[in-house]
Amino acid sequence: MHNLTEAVNRIVSESKVCRGVVHLFNVGSTGALGTIELEPGLEEDLPAVLDRLIPASRDYGHERAWHDGNGHSHLQATLLGPSLTIPVKDARLVLGTWQQVFHLECDVRARRRTVAVTVIGEGPGTADSRKAVSLNAGWKER
Amino acid sequence: MHNLTEAVNRIVSESKVCRGVVHLFNVGSTGALGTIELEPGLEEDLPAVLDRLIPASRDYGHERAWHDGNGHSHLQATLLGPSLTIPVKDARLVLGTWQQVFHLECDVRARRRTVAVTVIGEGPGTADSRKAVSLNAGWKER
Amino acid sequence: MHNLTEAVNRIVSESKVCRGVVHLFNVGSTGALGTIELEPGLEEDLPAVLDRLIPASRDYGHERAWHDGNGHSHLQATLLGPSLTIPVKDARLVLGTWQQVFHLECDVRARRRTVAVTVIGEGPGTADSRKAVSLNAGWKER
């Protein structure tokens, strides 16, 4: 799991949007986004829960198409979801004290990832201050 | 499962929004939206996983209200979620190569569905190019 | 579970946004938002399903950090998600007849909650009518 909170806060700050929302999207079908308290325990727990609910297996229908053993990766990523929107106030993310933004790699091999970031809202002295920026989220074996 | 990717791309293209996001919403409490690689294997796997995690049963509390045997439909739809937002660039959806937009009918009988589509962002030479359009997503027995 | 539908409709109506979307976000890592048919049966069923899929336990890794027995609360909230976006038309939420907006408290003790509400879209005679408002969602033992 990757902590995207500061990377997204930098993009929001550069956009000079004071009040609005920021939208994050995992481009690709085997990665997901969400919020969680990013501490070592939950970084173990979340992938473990997903692996228990939707275990790796060669029995998924998806295996017929690609034989690459990542059917569960697709299903886990779809369940958690690729899209996350967060409020912005004073050019910062509005998050709880223990709430961070994460990217979870669900695939079975290393991937370069793009998370598209779009800031929507009102900036100082500008009628339109929407931005679209990309960042790469690497991969960590789990 | 229905592939909404091209229908949504047409709406985005007609809106002439170059840069922004498009929001999709399933109107109704027993249908859901998401992204997945839409190939026949995963089209089997996703409903099967949901039916395993939240099986059809007459034992849900919901059965007391309606006696229509679709308690699991409501719960599956709520877990997957009715709302999806996707980035837009150059008047096209930003998606991975194998990533498509789907509507999943979770109910136990045929339904006409409306997916509300709202495009938000910057168009060419216009300060405000937001649109709201609806489309119907039919139903396929699963 | 708390029904936020009317509170959000009031905020949307006050914003005078006719056409657009409203974004809701649970500030904090152990609460979640979604849509469901809010009747007593499903208000029992949804927490029960989550407790079955991700049961309370002292065995989560999260327990090492805090010893407060709410590892499952974090995981349930992350799976359901903190973020929800709903279309707005004629200054009202676009929802199905039986579809309401809920806040689910996943934590093991009473919490004051803030759900940040951001309305984005076109108002009557104004180029920019985005608003950001907060409301408190109390807690109910389940």
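As written, the chain order gives the labels A, B and C, with residue 1 at the start of each chain.
The rule is simple: a residue touches a chain if its C-beta (ideal position, glycine included) is under 8 Å from a C-beta of that chain, and two chains touch if they have at least 3 such contacts.
Note that this is a predicted model, so its numbers are computed, not measured.
Enquirer: Does the chain A and chain C pair touch with the same residues on each side or with different residues, judged by whether over half of the numbers are shared?
Expert: The interface of chain A with chain C is built from mostly unshared positions.
Enquirer: By how many degrees does chain B turn when fitted onto chain C using C-alpha atoms, rounded in steps of 5?
Expert: Rounded to 5 degrees, the superposing rotation is 120 degrees.
Enquirer: Could you please state the distance in Å, as a whole number, between where the Cα atoms of chain A are centred and where those of chain C are centred?
Expert: Spacing between the chain centres: roughly 19 Å.
Enquirer: Which chain C residues touch at least two other chains?
Expert: 53, 79, 81, 85, 120, 127
Enquirer: So in the complex, the part of chain C that touches chain A is made up of which residues?
Expert: Residues 23, 25, 27-29, 53-54, 60-65, 71, 74-75, 78-79, 81-83, 85, 116, 118, 120, 127-128, 130, 132.
Enquirer: Residue numbers of chain A touching chain C in their complex, please.
Expert: 19-21, 34-37, 39-46, 48-49, 53, 79-81, 84-87, 89, 94-99, 120-122, 127
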